[in-house]
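Contents: one structure, followed by commentary.
Order as written gives the chain letters A, B, C and D; numbering starts at 1 within each chain.
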């Protein structure tokens, strides 16, 4: 188990999530893609921490990532609920109000 | 019990003394109307515990210190001086709260809450060992006094009275900030005990600031007038704030810092003379008053003049004894006045004629207080005042004479009030009742208890200035060397008091019309400070209107005139030339127009077309589609990373 | 050696279930596949001695996915186990971008000369994390907590269809709120 | 990661057996209470669980249309697995499988697993009543989880450690139940709730034809029922470790005391089912969030202050 190996695994997780976030039409599925990307970030951060500088501070970054995930989830669900209630659909394609 | 246990109990009591009323008061104030039913039990319970802890700390003498500001901790300690003051204030607070609970007020939660917060602030002031702690409590005290004087805020004049008191004392408070700043600059530290050690120019500044703050709070000249306005507050408020607590804290501060005043050389005599003059002039003011509470207020300022005089000449024991004796005496008198005010609806002396007959207990206790105030043997203020005057005699005979005259005046105004309330009532007395508020014609049993307790204090606390107890007090305060009154002086002042009393009872008092309006201090302040500031700003506004504005208008007018002349010249001379030129111009213009259309205009239009194209290209990425944004972010980040790698 | 094997197994599980999220037809399966991916990563964190963070990751993510499943079913409004679905767009470009990113990241991971390890982990990592949070990194947590609070408020405001005027009447004077579903306290 | 001091290979085999026996005892007690209520002989009630096991082992599985079999099976077997994983961190006298330093968080993570497992049971059958049962459980879980977390944190704060053995050691002088009674009660109620038991059994209640149990049969049903008793048992054992001093007690050896206390608490849990009415999850939510959560937070605050003051 080396740093490179773990990072490649993390990158793979990240890119699978990226694929999902880019290709899915349903908001909740897009959120799952984002979660998967953050999953890769957690793994990479843990690997950097363990292999490069195992100080206490590094763990705080992991906690922050987990907090970011919860914030993402909560806001995502809230927006999805609002979207679903007002449009009857939760497709990202139908929410293009910001198009230029 | 071990020393550690005693210390622990002492420290706990000190925190209770300071913290419990603060917490209780804040809780009551926050809960507001909903706590009305709880207010009285909470307030009396808190005040009771406070009294117990005040006595505990008076005996155990704890000291605590917690970090507050960098280099300036929040220190509280009980030493000999505060051990005397703290129980006095606590007992008076309890008595006043019992009285006002029995009397009943509107919004009891707010009233008792404010009173409790005020009591906590006083406790902190009396035990503070550092300037930050003192300032903190001093400010709260001022704010609470504002809130309490303006307690019945629906009536405008009461709120204005609160504001007057607040702003006047605040003006004095600036002195405390000056003192704190000077202490920081002087580098001797912010501990109260360290102030005297500050280097010379700073030390003088500190002393000046302290004097200013103390004069403001203690209603000494020239700040005295706020106390008159403060009488608009409820009577219990006057009884606490304007006898035992707030004004007393001004005197207390000077007593505490007497070494500082002494070491500067000039501050001590200044304080002494200001105190003596206040005692004399405000005594005369008191004599002139027709309103009982106004009389008492002026007398408060005058009596605190004795305390300030004591502090100025370094007679700490005398000043302390006078402060304590005056606290219980004056609280008693204010409560009695308050009882009459709520029962008869008036506080005009003429209307109160014979009020003592109606409620003999109130009358008797009032008489005890008034006689004590007059300095009649063996009541309290007689002895304490003489101890102060003994110090004054040592310092300067002239000071002594002024003090003695002030003492005679105090006998005069006390006698005036006393004689009036004990006279036979007139048959048409009823007509003058209820002029200020509807009276209840009733003084309850619970309202009498605090009167009796305070009357006992007013009668007996004179022992603090007499040999056995007095010596002990001197020991506690470390003031063994203070001057003691000789037998001749004691007897002399007693005789003087009796003489003046007799004179007052026998003859009608002369009406000192020049002093009736508090020496016109408030008007003087208005004339000397408020009006100049207002008129200065008005002048500035006028200057702006008259000079700057007019200047601009004049310039504009000149410009218009000049233009008209130029126009005339233009019509006659230039116009012809211009017409000729224009003709040539038109010809040239058609040539230029052709060049413009084919050359410049085309270029501009091309640029516009390009910009439009770029604009619509820039809008294309803004699809509003989430996934396309994600894709763009990914690409841009990737490009950025690659760029970073390549450039580096 | 053993650690490499364990790591590989867990990494493959994490990756495979991550891919499964976007391959399976059932919403429930997709959600729980993501949960499995997270549990595998949590277990990987345990391999780095990050006991607390690892277990917390598992705890949080299983909880999140249980909730996520409800939203999935709620919004899709059907049982996709009965009708396979494909709700994707832009599949090709997504794949190209994802693979490109992977190549970039993997290339970076392999080519960057990583520095040597500096320092060693504390004996009690959980305690050291607590000290970091309450000590040198307190500011981070002080920032995170208002953000979380703001998130709670904002999410409620966005998602709650009924405001207080719906519940307590136009003058807010109603004694009991008018709720479609009464709570246990009647508030 | 594992502390070698308390690990004993034999215990790894013995622990599931002990768990099974305790769960069986709970089931027998429940049988007795049911029999008494129905007027049958107590002996028939005590034996009922054994007969039920035999019956369910032989029963053929019922299937439903378009069931999500994979997830259903995972759900059905999940409860027992979660209970066993919880057992791993519970010390019984000198023995413990894994005395990990974050055991309390581990326990908490495992009871979050129950969320997923119960919902999967409800989802897998593709039946409306089952799914409603699953949703009911999640609604209830959202109510009990936060109070449970703070109830778990409280002993950890007092012991300065998330390790169960440290928590037991910290109770040498005074059992935590004495000065954190609120946390204890909340923890016990949460145990009952995450086991879908007694007043909190709305997920499997009769008004929705058995809820999550509607469609399960045979071994699946056996595993679910056994899993519920096993969860109750591990919950009781964990409460003993966290609040009741672990194995502390006179005369008897540690492990026996642990078992005795666990049995008593377990019996209390079983009895609760027959004494209290069911609580609707929608009613529970407000009570849990507006009363129980502040109260248990206050408990944690008090304990934290005591710990901070004692240093």
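Keep this in mind: contacts are C-beta pairs under 8 Å (C-beta built on N, C-alpha and C of every residue); 3 or more make two chains touch, one makes a residue touch a chain.
Bear in mind that the values here come from a model prediction, so they are computed numbers and not experimental data.
Decide which interface, A-B or C-D, involves more C-beta pairs in contact, and give its chain pair.
C-D
If you average the CA atoms of subunit B and of subunit D, how many Å lie between those two points?
Going by mean C-alpha positions, subunit B sits 64 Å from subunit D.
In whole angstrom, how far does the Cα centroid of subunit A sit from the Cα centroid of subunit D?
33
Counting in whole Å, what is the centre-to-centre distance of subunit C and subunit D, each centre being its mean C-alpha position?
26
Taking each chain's centre as its mean C-alpha position, how far apart are subunit A and subunit B in Å?
It comes to 60 Å between the two C-alpha centres.
Could you pull out the residues of subunit D that touch at least 2 other chains?
none
Among the residues of subunit A, pick out those that touch two or more other chains and give their numbers.
As it turns out, subunit A has residues touching two or more other chains at 18, 22-24, 93.
Counting only residues that touch at least 2 other chains, which ones in subunit C make the list?
Subunit C, residues with two or more chain partners: 49, 52, 56, 67, 89-90, 93-94, 97, 101.
Between which chains is there touch?
Listed in label order, the chain pairs in contact are A-B, A-C, B-C, C-D.
Touching subunit A in the complex: which residues of subunit B?
It comes out as residues 618-627, 630-631, 634.
Within their complex, state which residues of subunit C touch subunit D.
Result: residues 26, 28-29, 32, 35, 46, 49, 51-52, 55-56, 58-59, 62-63, 65-67, 69-70, 79, 81-82, 124, 126, 181-185, 187 of subunit C touch subunit D.
How about subunit C: which of its residues touch subunit B in the complex?
The touching residues are 89-90, 93-94, 97, 100-101, 104, 108.
For subunit D, which residues are in contact with subunit C within the complex?
Listed in rising order, the residues of subunit D that touch subunit C are 1, 66, 68, 70-71, 100-102, 105-106, 108-109, 112-113, 115-116, 119-120, 123, 126, 135, 138, 141, 145, 162, 282-287, 290-291.
In the complex formed with subunit C, which residues of subunit A make contact?
Touching subunit C from subunit A are residues 1, 3-9, 11-20, 22-29, 31-33, 35-36, 39, 42-43, 46-47, 49-57, 59-60, 62-64, 66-67, 69-71, 73-75, 77-82, 84-85, 90-91, 93.
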